[in-house]
Structures are given as structure tokens and as C-alpha cells.
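Order as written gives the chain letters A, B, C, D, E and F; numbering starts at 1 within each chain.
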Amino acid sequence: MLLAFVTLIPFLGAVIPLLAIRFGRNFCAIATGAVTLTALLLLLSEAGAVYRGEVLTWGVPWLPLIGLSFSFFLDGLGFFFAVLILGMGLLIILYARYYLSSKDPLGLFYFYLLLFQGAMVGIVLSDNILLLLVFWELTSLTSFLLIGYWSQQPKSREGAQMALIVTGGGGLALIAGMLLLGHIAGTFELSEILQRGEVIRSSPLLVPTLLLILGGAFTKSAQFPFHFWLPHAMAAPTPVSAYLHSATMVKAGIFLLARLWPVFASTDAWFLIVAPVGLVTMLIGAWIALFRNDLKSLLAFSTVSHLGLTVMLLGMATPLAAVAAVFHILNHATFKAALFMSAGSVDHEAGTRDIRRLGGLLTLMPITAVLALVASASMAGIPLLNGFLSKEMMLEESTHTIYAGLPWLFPVLATLAALVSAAYSFRFAISTFLGAPRDDYPRRPHDPPVGMWLPVAILIVPVIAIGLLPALIAGPVVERTALAVVGRALPEYTLAIWHGITPALFMSFIALVGGFVLFKSYRFANDLRRVFAGPDAKRIYDGAISALTAGARWVIETTHNGSLPRYVGVILSVIVAVGFVGFLNAPHEAGARAMIPTSFPALVSWVVLAAICIALLFWHRERLLALILTSGVGLIVSLLFIQFSAPDLALTQISVDVVTTILLLLALNLLPKTSPGETNTAGRLARGGLAAAVGFGAGALAYAIMTRDFQTISDYHLAEAKPEGGGTNVVNVILVDFRGFDTFGEIIVLGIAAITIFALLDTALRGAAARTLDSIRHPEQSMDAHPLILVVATRVLLPLALTVAVFIFMRGHNEPGGGFIAGLIVAIALIMQYLASGYAWAAQRARIDSQAMIGGGIAIAGLTGIASLLLGWPFLTSTHTYIDLPLVGEIEIASAIAFDLGVFLTVVGVVMVSLAQISRVEERAEREPVPEGPIDIPLRRGRIVGSNDGTQES
Amino acid sequence: MTSWIIAPAILPAMTAALLISAWRRDIQMQRLVSVVATLALLGIAIFLYHLASDGEARVYRLGAWPAPYGIVLVLDRLSATMLLLTSALALAVLAYAVAGWDKRGRHFHALFQFQLLGLNGAFLTGDIFNLFVFFEVMLIASYGLMLHGGGARRLRAGFQYVAINIVASALFLIAIGLIYGVTGTLNMADLAVKVPQVEVGDQALLKTGALLLLLVFAIKAAFVPLHWWLPATYAAASAPVAALFAIMTKVGAYAIIRVFGTIFGADAGALANVAVPWILPAALLTLFVGALGLLASRTLLDLASFSIIASMGTLLIAVGLFDVDALTTALYYLVHSTLVSAALFLIVDLVSERRGQTLDALVPANPISQSPMLGALFLLTAIAVIGLPPLSGFIGKLMVLNATYESPLAWLIWALVLGASLMMTIAFARAGSIIFWAADGRTTGPTWANARVEPMVVVALLVGASAMLAVFAGPVVEALHATAEQALDPAGYIDAVLGGGQATTQAPGG
Amino acid sequence: MFKRLVPHPLLTLLIVVVWILLNGVSWGSALLGLVLGVAIPGITSAYWPDRPRIRSPLMIVEYAAIVLWDIVVANFQVAYLILFRRGDTLRSRFVTVPLDLRTPEAITALAGTITMTPGTVSADLSGDGRALLVHCLETHDPEATVATIKSRYETRLQRIFET
Amino acid sequence: MIATASMVALIAIGAAMLLNLYRLLVGPDTPTRVLALDTLTINAIALVVLAGIFYDTAIYFEAALLFAMVGFLTTVAYCKYMLRGNVME
Amino acid sequence: MELLVASAIGMMTAVGVYLVLHQRTFPVIVGLTLLSYAVNVFLFSSGRLLVNRPPIITGADAYTDPLPQALVLTAIVISFGMTALIVVLALRGFLETETDTADILTEDLAPEAEADK
Amino acid sequence: MISEIAITALIYLAAFFLFVGSFGLAKLPSLMQRLHGPTKATTLGIGSLLIASMLYFLLERGALSIHELLITTFLFLTAPVTALMIANAHILRDTRNRKKLPPTGGAVGWAVIDGPPAEQSDQD
């Protein structure tokens, strides 16, 4: 429970600075510090137990399905790191209070910092490796925010993104690695995994697992070849650099290697990969650091180098090397944090971090200079300081390391790295602080406020103390920690300044002297570097990212080119491919159903259809012709329905077709009258081939279905339509009763279409659309807008058609017909008036609110269904009864008729709304005002406008 | 109790009908009615979820006709989950829209309610043709909503969206024709019974029908390369609409789970698991293209659209395995990505609103006011979308990886899932950095003081939901596990639909 | 009252007849037909601002008989022309029929009659409604054709609709 | 006898439809094609009525009636389009 | 007869698809119309073909399958709604941009400030 | 028997005219000539077929089926209008032959070309 608290306190406390900032910066800093301190104290309260060798665990399940639990454990390693993280955190909080200017949002900074801190603590205290991943990725995220804190600077943004992408990317590899590890071990609890090393090491997945985990660790710890992100992260405010890149984030990778050391260290792969990666990183980091002119950049590559050192030690896979690694982690954290903060102070006070513009600061900012000199001496490996001790141990261990059969490889290269390391340390210290004071600083440098040098001073204390009394000061910590790393008893070793005359002593000496010589011959070395300049990692990274982006854009933008034919073509090709493959890979037999002999009219209809289809292929560019031909297809399809006993379908098809045709004609009036020609023969062939394949598939499937027998549920419908549904037209009974819910959905589709059309055209008389409408030029028109004979004929037809509509509606339940068809007939009757007398005139007379009609129709249909609910029956349960009317006789009334009425109203409303809206638009495109109708030719009684009574006779 | 199953269909239908006929000129009244109805819908969905959580499938026989002759609605854990998700999302989107979006075109609220009707109907129905009908209701309402507000880009994208969906609907009908032509039934439970008994000579036809049906759902679910409609549509739709559309692709996924879990599942005899060989490769391709698209995006809307594709890829990977654990994962991911995608689209809207002419283009522009709050919301949403901790995306990703561990293609799946995450990270880091960080110091757009807070609250709630999904992953996943178990074991479903209970609901007619 | 309820008695009658035609002869359908016969003209009266006055209904019967006879004859004549004459040897031409009819209904009836009868098709009206353009499939004496039309049909229609 | 006549009529109508098709395809102008379509509809009506006799059912008469209404409206719409462009002005 | 119907379905589908694969809105719409004819007939034919056996209960010994007919009716109505919508959409798109292409052009992709505001 | 003969005769008549109408449509060289085929022959064709049908149901089946009358009425009402509209379209399109149209005999030309006289609008 306590462990969870230690982890959660920084998270929970993170909001405190956001709230506290309104009470001032000091208060904010104190409040933030208090949060960290609380966590630290809580942690320290367990120090006794940890140092007694106890392992504390606590956890609750989180997501058992995947083995994720909210569990923590505390041993020496975790304790060591957690104290480092929290302790260093306190110093950084103090330092940042003074470092950041009053314009910077300090509260936000502390907010990020605490989140980051919590994530780091989480990493080192997690027992569950999936939980560890959570925290791991959180550090990437929070560090992204911290590095990008000064987001107005492009460098900050770039650096933050790079850090996120590289460490986040590594984190993804780690996810895979951890999942593999957990699956191999059969548990995701670290404390158990550490017990199951044998199982893991014998797994065939060992190497991939290790590689993936190393991918996470190496990216986080900036190991070669992922080292390049770290210097760019230096765009962050110095407190961030000091925290993230000395003590915490980059150490996460080290922590992970140390944590899993007992599991992996004894494998060949570990040694073969980890040790050289560390060595190379150490060397390259140092070499690059030497030539950096930016203080923070120099320190950053130095950090890379030191991380490499630590990694190498862990990679050597011996317990003593592990001890050295732990010791160096501690030492590096102290002097490097001190150096970062010093560099920050120099930058803060002198206004520059460029080593070429610095010098002689010892006299100008003595406190800072002295502290920094001590820290850099430690970094250089000068005896009596802690850096010397662990570096010497490293050199000692390297002499025991035989890699690839070459006993000299590690010692020589390690010494070389130490030499370069000494050189850049000298360069850092001497070029900045020693020499003659300069007077060309952007600002007049002086020592910063105590809040900025005090944290450095606090860190210098262990640098010196450990350097002088290693066994006393650092001994227990190192031992307890190393024990936890190694997981078993440690061999004999001593932390001491003097180990006698050992190879390591010589190597240290060579490194120091050689380092000084190298520093002195800096110009020569610099020329050398230019000659042997390796590829710039940043450029490679940038190149890779932009190549990736460009590649992605090329792929996406060439495929998603906005071409509908291509989209549909691909979709149809997939359909054809899947359909054919699916069919051919399953058993199929020809059907045995007896076929119907072909009738002559059917054959003729087929010929007509085929001819029209072929004609459409060639003539579709003439749009009016295409429409006329399509009408022909509709006619043949309706005939087909009649031929095969589907009168309702024929009625529906034919009446829908005419409305569709009129809609298309209305649209065509404003659209171009022809489609442009296709010049591309290949495209035409591809199109034709695909069309033929789809057509063949559809036809073949239909044939296969039609030629076999089957059992269907519709026997029930045929049997029950009359007795239970109260109608003899089974199709209608299905529509309004058995499957009334389908019909309910269907009229809603119509209703939605209408209101969408309404909304779409509502705005067509404004803006660009209106301009287009005004510019449309029509070919020559007939001067007679409303032909007299047409007007008269349609007037006679109107009541006739309405009568027919009522008839069709009434009998729909028993004979072909019904609400939908009746609705269309009414619509057709009204359309006739529009066609003959003009929309304006006719619409004036149809005093119906079409939109309300749609809503009302749907509501009526719905209410019919709801009525049955109220009676305790399911939605849309119909009933029917016989009533005996005088004169009329007994008639049967089914409640489904009311439902059909809803259908009827909706259909009429839909057609009316759609046509009304289009007519509004068409009107705008007219060349000149159209006579208001109904008849243009002036006759004795022919020209009565808007009058309703028939009295205007002369 | 059971009679409430029809409520998620009736309520929005009648609400919309009333909105069209009675209050189509009174926006305030429309808002009130729409919000009240959606709240009620949420209440009903919660109740139904509670009802379904006993693990029993409940059947509602429309018109009191016995199955398989009439249409049935089936409430089980899966449909209840989808209903709940839909209504919760709807409420969030509606709350966002009433802040002003709904006034930019006509009939927003009616279309919105119709859209809910389509979705709810599709989730509840136990009949494949009725599923077609509600797909159409859902689609046509989505056309209306998508076109809400007008503009050339919207019109053109709308045309493509409609055209492609009409092709898909045609395919749906052909698939239904094949399936009916072989089995003689439309009821899903009845199909589940009849499919295993199909004669050898008919298997190819039925299988083709099943695969064509799969393709229909795949088009809705934006499987690559059937996804063409999605990027342009989502990029052209208005933000609240796009946010609501976050559920649209999920309908495809739902339909795959329902149809290929119940009818063509493990018990389907010769046709067992017909979909399985196809889904996983397509899902991987989908994920890959989604990630590429993210990387290629030039606008925030592109980013959001392709993140939908990528999330569908991830989701479908899990769907494609058709085992209980994987399906659990899929459902978790489905819930997660619906809420998070919605949040993302709303964020995009909030951003474009504040960037003047630049809108959502990923080019440096003036910084946007409200950036701290908005930036935080963007960051959190991005975290959730990419699948970084501590939000639900990370849990979802872990679950997907975990569920696919045993798959022979695990290495590929993992590489793609993780590689896609990296690409998303790159894309979102770049986008966020350009939008929120690359600033030239001048501020445009409404300032903090006079900007409306409600939209942000909606986004915050959605992000909060993602956090809750993560924190309470245990119980959530437990419930989804039960859901997956039920979905993959059709026996209970079949029994509920075709078994007893018919006698009590015989039609009163006659 | 009756006039308000049944503004177009002829139309009402027509609807009742049509309804009975559709539904069969029974009291029930007659009653329902009557209901419709009242309702539909009521609904559609707006489209009939200038309802036609039939002056002499009995004339209609005579006229119909003449037209029917002419149609039968015309059909055989036209069939002959179509089957046995080459199209380019036909003496087809437009003729103008000056109109004395002044009501739309009468003109429509005349135009309709012309189209249905011997080898003639009404093709257009003049802009002032005072002439009808008629196309003859085969004619050697246009004036005679016009005269026949006027005497055989127009005068009768004038009596039915206008005098 | 009636059956034979019906067969003959079916063949006659079929031939008529093929002739309509010829005009529909050959045109040469749009009014001709519209006329061909209209005539095709008329022949379809004949077919339906004949089918009623042939199959001894009255069930298809409404279809014939509707074909007549719709055929008329379609033709008028096409003509109105050719004459005025806007068919509903 | 079955072969005639099946080949009719195939022809209508093929021509429909051929037209749908065009770049202009109008042929696409005509193609979709043809496609929906084909699909309706397909769905209809899944109930098998029977001559002169309409599903009107008259006491006859056999009726054609009414269920696909009901389904096709629904499908016809739905596709009518869809067609009406897409026609208007094509028209509206043309009016807005003065081109009737069905493709999304690059200029469409540019953010439109005025359309949304 | 007589009824059967009558019905048979009517069917043959119908078949003949239906064919002749379409034959004329196909055969005749100009649109105005082609119009004569369908509008006449088809009308009588359908008409006799409908009478045949009525007789058939009345005499053979004993059921009075008079729907056919409605269809006939409908066709008789609409056929002239269709013909006029097509003729109108033809006149509008056929610009070369406009001059060959006979004069109207009045001040105003044919409606398609000249339209109604403008000065008379709104009062009469």
C-alpha cells in the first residue's frame, strides 16, 4: 500500500503546483517540494526494512485477463533508484524556482515535473511488468512535455518530438518484449519472473525477447545507435536536462538492464550485444562530446558516454561489473546533475552556453566555478573524487573481459574512452572557468542566487565524500543495490581509493594524462574529427522521418486520389475476387429444379432488354438518350415481374420509375447534357472487363439459385396471411404485418431522403449555386409553357387518378396494391398537374404541408404499432375484424390498414417535398418569367389566374 | 420488461416524426425535445443493459408473429452494450451540437434521431433483411447529417459516400438473396440452425452469400481496400456528425461479430468460420494503411479520419480471431475507439474554429486561444488514440497484443500494431506541435473569455470516459468477456429466438 | 347546398361510375363511390377554376358514336397505308384548321378527336388559340379535310360545350 | 380457339415490340425514340391484358392501368423536357 | 426462362457497373439505377420463378414465394429514396462548383472557410 | 360459342392493329408520319383487346370485369395528348421545316414557335 502511495503521491500531487502558483512562486515551489518530500520520506521509512534485505510487495489486480496488476515491490535496486529520483527531484525543484524566469509558467513546469517523477518512481517500483510499461511510456510522454516546455522555440519542439518518437518507439519494442517475457515466464510479476530465469533462458523466444527489451532500454538510455536524441533534448530548460538526463529518464534503461540482469545476464546474447553496445556508446559519446561547443550539448554527449559505460558494465555480466555499474550510476548522477545545473547557471548569468564565448568565469562567478570544477574533475576521473573510483573499477573489469577472442579489445577501447572523457572534462572546466576573464559577455556574469548554487553544492558533498570515503559513504548502498541487481551473494570486493598497483591504475593514469594532452591538442583533434566526420545522426533521423512521411504521402495520395471510378473499381474487384474464390473453394452441384419453358414474349422482352443494355454501353454519353433507354429497362423489368407472378412489384416498379425519371429530367435540365468522351482505351477495357465479371457473377449466382429447390419459411406466410393477417394479398400482409417493421424502416428512409433533399436544396438559391443557376443557358424553348390540351387532359385525369388511388389503397390488403402504390399514384396525379399547369400554379392549389405529411405519416405508422403496445401486444401487432354496415354489407377491416395509411401519407409527402424543392431551384434558372398558368393561350375562359370560382365568363 | 426492447427504436422514430411535423421551425423546441429524448434513450439503454447482464438473450417478437416468420429483436449482452455505447455517444454529441452546430442546416435534430433509430435497429434486430433496412435508415440519415451545413467539398464527398454505399447496399441484397435462396429463411437464429444442415451441393452458393455479406460489413467497417468512402466523408462531415459517425464503422464490426459469430460461427458445419481467413489479413492491411494515412495527413481532419481506419484495423485484428478472449479485446477496443474518435473529431472542430482561415490544416498559424485547456484535451485524446498510457488505448493495445500471442501471424500483427503506434506517435506529435506550439505570438479566434465552455466539457467527458475505461478495465473487461462468450455461443441465442415463449405471444387476430 | 356539396355533378357521376367499374356493382360500392364522388371533386376543385359547362349532354352520345365509327374506319385506312404504301409516296402534309371553338375543353376534345380519326394528328394550336395545326398522313385535298373536320366534329362540339 | 388466337396475338405483339425496339435504337431523333418508348409501353399493356385472358386472371389489370398512366406521364415528361427544359415550370 | 432471367440480371448488372465506373455524376446515377434493377430482380429470383401463381390467396394449389416479393418491394422503395437523394446531391454539387465530376478534386480538399461558417 | 368466336376475332383484330401500329412506326420515314401508326392502330388494338377481355370474363367466366373500360378511357384520353406533345417537340426541333408549316390564318403563329400573344396577358 505504501509503495503504491509513493508512486501515486507525485501524480496526485501534480495538480498542487497548478493551484498553488496563484499564491506565488515560492509557495508553489515549497508546495511542490512538499509533495516530493512526502513521497521521499514515506519511502525512506522503509529504508530499514530494505537494508535488512526484505523485499516489500503490494498489489491489487487491475486487468486479470491479460495479467495486468497494480502491484509494486521494493528491494535494494528499486529503493536506490527511487531515492535517487525523489532526492534529485527535490534539488531540481529548488533550482528551477530560480532558474525559470517569471514569465515562464512555473506551476505548469512543476505539474509536468511531478508527473514525470511519478512515472519514474513507478518504473522502478513496479512489480508487474505491464504496469512498468505504463510508467515507462508515461515517462516518454511527460518528458516530451518537459523538453518542449519552451514550446515557442523550434529547437524545443524538435527535440521534444525526437525524444518522444525515439524513446516512445523503443517503448513499443519494450511492450512486445515484456509481453513475450511474461508469456514465456507464465507471469507478469517481476518478482516471480526473476525467479524463473531458467525457464526464460531455455525458451526459443529468448533472443527476440531480449532484443525487444534491449530496444526499449537502449533507446531510453541513448545507447548507440539511438544516442542522437539526447543532445537535442537539451533544448529543454536546464533543470529538465539536469533531472532527466543525469539521474532519471536516461537511467530508466539502465534500471531495466539492471533489473533483468539475473534473468538475462548469463546468456551469450546478453554479453555479445549489451557489452559492445555500451563500449561503442561510451567511445562515440565521449568523442562527440569533446567537440561540442554548447556546454549542455557537451554534457549531453558526456552523459551518453557514461550511460554507455554503465551499460557496458552491466553487459559484462559479472557480479563485480554489476557492482561497478551501480556505483557509477550513483556517482554519475551526482556529478552530472551538478554539472548540468552549473552549466545552467552559467547560461543563466552569462547569457551564453557557447564554450568559445566563455572563459575566466572563476573570478566572475566563483562559487559556481568552484563547484563545477570539482564536478568536472570527478567526471574526468581525477582521484579523490567519486568519478575516479567507479571509472577505475570499470577499467579493472574491462581487463577481465575477452570479447571475440580478443583480450585487448575492451581494455584498450575503454581506456581510450576514458581518455577522451578526461579531455572533454578538461575542456569543459578549463575553457569555461579558467583563463583570463572576458568582458564580452551578453550579460555581466555573477553568481546566481543561493537557490541555484545550493543544489549544486549539496551534490558536490557526495562527490567529494564518496571520493574520499567510498566504503563508508557508498558501501552499504552499493552493496544492497548490487545484491538486488545480481540476485545472489556478491563476491568479495572493496570500494577503496587504493587497490594497489593494478592495470587499472595505469589505465587511469594513461587516460588522465592522455586526456590532458588531447585537450591541449584540441585543434588538431578537431581537424581530425572533420576528416573522419561520420554521418550526422540527426540528419539521418530527419531524413528517415521525412522520407517516411513523403513515402506515406505518396502512397496515400496516389491511392486516395479522389477518383470515384477508381474507388468503386477497387471495391468491385475485391467483391469479384472474394466471390469467385469463395465459390470455387466450396462444393457446388448444378440444381435439379425443372425449368420453365421459355415463352415468346419473354424472349422478345429479353431481346429488347439486351439491345437496350448494349445501346446504353455505347450511347450513354447522350444523357437524355441514356435516360430514355433506362426507362425501357424499367418497363421490361416490370413486365418480368408480371410474367413471374409479382403484380405488386410491377405496380411499384413502374410507378417508382416514372417519379425517378421526372427527378432525373429535372436534374438533367440544369446539368450538362452530355458526358465527355473517354479517350483511354485501356481504361475502357478495364472497366468493361470488371463490368463483365460482376455481371457474369451476378447472373451465374442467380441462375444457380433459380435452378434448385428449397424449403422456405414463406409457406407459413401463405398459410397464415388470411386467417391470422386478415388479407389475401400475402405480399401486402407481409409488408404491413409479418414484416411491418421493415416497412416502418422503409418509409423512414423515404422520409429522411425527403428532408435531406429539402435541406440540401434549401441553400441552393444563395452563393455559388445561385450564380451557377443564373448562368445556365437553355437551348431554344417552346413558347408555349403550358399546352392547353395537356392542361385540360390532366385535369380530367386528376380525379380519375385519385379515385384509382383510393381503390388501390383500399384493396391492397387483399389484391395487388396498398399504401405505397396508392401514394405514388396520388403523387403521379399531382405531378401531372405540375407538368401541365406549372409548379407554381399547381402547388398553390395543393394546400398540403408536405413535410408535416411526412412526419405525420411516420407518426401514424408508428402510432398504429404503439396502439398494440398499449393493449399489451408487441409493437405492430395487427388485428382485424368484420363489421357489418347497412347497405355495404360485411367488410373486413385490418388495423394494418392504418399502418398502410401512414405509408401512403409519407410517400405523397416525400414526392411532393422533393419536387417542390427542385422546382424552386429550376425556377431560378429560367431565362424569363414563365406565365403563371394554367393555360397560356388566351381563350374565353382560359386565363383565370388564381381564381377559384368558375364565374368569370364573358 | 421485455417490451422495453422496442423502445430504442420507437422513441427516436417518433421523436423525429414529431420534430418534422410539429417543430421544424422552432430550434429551441427541437433542442429540448431532442435532448430529452436522447436522455431518455440513455436511460432506456442503461435499463436494457442491466436487463441483459444476467446473460439471458431476450426476444421481442414484432407483430406477435413467431420466429422465424416475423421479425424479432434480440436483446443480449452484445446488443445491450452497443445500445448503451450509442446512446452515451449520442448524448455527448448532441450536447456539443446544441451549442450552435445544429443551426447550420435544416432538420439536424430529426436526422440525428433517425440516425439513432438506424443504429439501434441494426443492433437489436435478429433478422438479416431487417438489418439491411436499418443499415439503410442509418446510412440515409448519415447522408443527411453529413451534408448538414453544405459546401462544395461536402457535396462531392457526399456523392461518393452515397454512391459507394448504394453499391454496398446492392451487394447486401445479393447476399441476402443468396442466403435466402439456399436456406429459405432470414431469421438469424433460424439461419444458425439451417446453415450447418445445408446440402453439399449448395455449400458454394451459401458460402458466396456469406462472403458477400462479409464484404458488405467490411465496407461499412472500412476494411482496406474497401474504405475509400471514409476519409473524404469524415473529413467533409461537420465535427459533431463525424463524432457521431465514430460509431458507424463499428456497426460494420458489430454486424460481423453478430452474423459471423452466430450464423457462420464455429458450429456452422461445413461453413464454420468462413470469414476467419479473410478478416485478419484485411485487418492488418487496414491498420497499415490507416497508419500510413496518419503519417501522410495534411490536416487534422485527415488525421482523425485515418485514425478511425487504423483503429478499425486494430479492432478487426481482434475480431478476426473469433475466440472469446480476442472478442473481449475487440469489444473493449470498440468501446474505447468509439468514444475517443468522437473526442478527436470534436477537438478538431474546436481547433479549426479558433484558427481563422487556416482551420485544421497542419501548417503553422497563429496560436489558438484557450490553448492550455484545448492543448491538454488534444494531448489526452492523442494519447488515447495512439494507445499510450494511462488511457484506455494503451490497455486496448496491450489486450490486442496479448490476444494475438498464439496466432501464427503474431509477429506480423505485433510488428504492425506497434509500428502503427509509432507512426501515430510521429503524426500526432507533429500535429500537436504545429497546432499548439508553433506560434507567432498573435492570437486569433474567440478568446478564453467569450468562448463557450460546454463543447470543451463534452470533450473532457469523453476523454474522462476513456480514463475510466482504463481505471476500471477489470470490471469492464469482465463484463465484455461475458458478452463475448455469449456472442460466440449461439445456442442461447437460438434457443431464445426459436425456443419457447411463442405460445404466450400468439397474435390476437383472426 | 347541393351545389356546394356537388360542384361538378358530372365529375361526381363520373367518379361513381368509375368506382363501380373498379369494384363491381353493389350497393356498397355505389355508396362508397358516392362518398368519393363528393370528396374528390371537393379536394380537387382548386384545379378546376373554370369548370366546363356541358350544354347538351345527349349530343355527347351521338358524337361518341360518330367518332367511334370514324376510328374504326380510320384504323383500316391507316393500316392499309402503312402496310401497302411506301412512306415517301404518301402525300403527307400539315393543314390549318381555323377554330370557332372558344373553350379549352371543346378545343381539347376536337384535337383529341382529330388525332383518333382518319389519318390526322393534331400537332399544335396557334398562339391565340384560333387555329389548330393538323398533320394528315395522306391527303390530296386539304380543304376538304379541313371542311370535314369542321362540319363533322367542330359544329357538334360547339353544340355540346358552347351554345 | 381463344388460346390459339392468344398465341398469335402474343407473337404479333412480340413482333411489334421488336419493331418498337428498332425505332428506339435507330431513332434518329429524340422525339422518335420517345414515341417508340411510348408505343413499347402500349404494347406492354396489350401484353398484360392478353396475359390476363391467357392465364384467366384479372389480377394484372391494375398493372395495365398503371402502365397506361405512367406511360402517359413519362412521355409527357420527356416531351416537356424537350420543349421547355424544365418539366415542371 | 431461368436462363433468360439470369442473363438479364447479368446484363443489367454489367451495364450498371460499367456506367457506375464513370467520372461524371450522371452516368454514375444511371448505372446505379440499372444496378438496382438487377439487384431487385436477383432478390426476386431467389424465391424461384413461377408463372401465373401470384401470391393472392384464392384457393389455388400453389403460389409463388411472397417473401422475396415483399423484400424487393422494400428494396425498391429504399433505392428510390437513395436515388432521389443522390440525384439531388449531384445537382447540388454541380450548382456549387459548376462541374459535374464525381471525383474529389484537389481544390475541394482545401479547407473552405466560408462553407462552414 | 358465338362469344368465343367474337372474342377470338377481337383478339386477332387487336393483334393485327398492334402489329400494324408498330410496323408503321418502324417503317414510315418522317416523325409526323410515324405518329400516325401508334396513336391510331394501337388505340384500336388495345381497345379491341380490352373488349375481348371484357367479353371473355363476362361470357366465359360469368364475371363482369369492367376495369378494361377504365383503361380504354384512359388511353383514349391520353393518346392524343401524347401525340400532340411529341408533335410539338418535333416542330420545335425541326427548325429547317418551320417555314413549310401552313400559316395559322391569324396574327399569331403556332404556339410552340410564337407563343401566346403577349399584349393580351392578364386580361380577357
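Here is the rule we go by: contacts are C-beta pairs under 8 Å (C-beta built on N, C-alpha and C of every residue); 3 or more make two chains touch, one makes a residue touch a chain.
All figures in this text were calculated on a predicted structure; none of them were measured in a lab.
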| item | value |
| --- | --- |
| Shared chain contacts [chain A and chain B, defined touch] | E |
| Centroid-based (C-alpha) most distant chain relative to chain C | A |
| More contacts between chains, A-C or D-F | D-F |
| Distance between chain centroids, defined by C-alpha means - chain C, chain F (Å) | 12 |
| Between chain E and chain A, distance of the C-alpha-averaged centres to the nearest whole Å | 36 |
| Rounded Å distance between chain B and chain F, as computed from the means of their C-alpha atoms | 57 |
| Inter-chain centre distance, chain A versus chain D - centres from mean C-alpha coordinates, in Å | 59 |
| Multi-partner residues of chain E (at least 2 other chains) | 20, 25, 28, 38, 40, 42, 45-47, 51-52, 54, 56, 67, 71, 74, 78, 81-83, 85, 89-90, 92, 96-97, 102-105, 108-109, 114 |
| Residues of chain A whose C-beta touches two or more other chains | 562, 564, 568, 572, 599, 603, 643, 647, 666, 668, 698, 701-702, 705-706, 710, 712-714, 717, 738-739, 742, 746, 749, 752-753, 756, 760, 768, 781-784, 787-790, 793, 797, 800, 804, 815-816, 918, 937-940, 942 |
| Interface hub residues of chain C, defined as touching at least two other chains | 18, 22, 111-112, 122, 124-125, 127-129 |
| Chain pairs in mutual contact under the definition given at the outset | A-B, A-C, A-D, A-E, A-F, B-E, C-F, D-E, D-F |
| Touching residues (chain side chain A, partner chain C) in the complex | 783-784, 787-789, 791-793, 795, 798-800, 802-804, 806-807, 833, 837, 842, 844-847, 885, 887-889, 891, 934-935, 937-942, 944, 947-950, 952 |
| Contacting residues of chain F [partner chain A, same complex] | 70, 73-74, 77-78, 80-81, 84-85, 88, 92, 95, 111-117, 120-122, 124 |
| Touching residues (chain side chain F, partner chain D) in the complex | 4-5, 7-8, 11-12, 14-16, 18-19, 21-23, 25-26, 31, 34-35, 37-38, 42, 45-46, 49-50, 52-53, 56-57, 60-61, 63, 65, 67-68, 70-71, 74-75, 78, 81-82, 85-86, 88-90, 92-93, 112 |
| Footprint of chain C on chain F - complex, ascending | 16-17, 20, 23-24, 27-30, 32-33, 35-37, 39-41, 43-44, 64, 66-67, 69-70, 76-77, 79-81, 83-84, 87-88, 90-91, 100-112, 114-117, 120 |
| Chain D-touching residues of chain E, taken from the complex the two chains share | 51-52, 54, 56 |
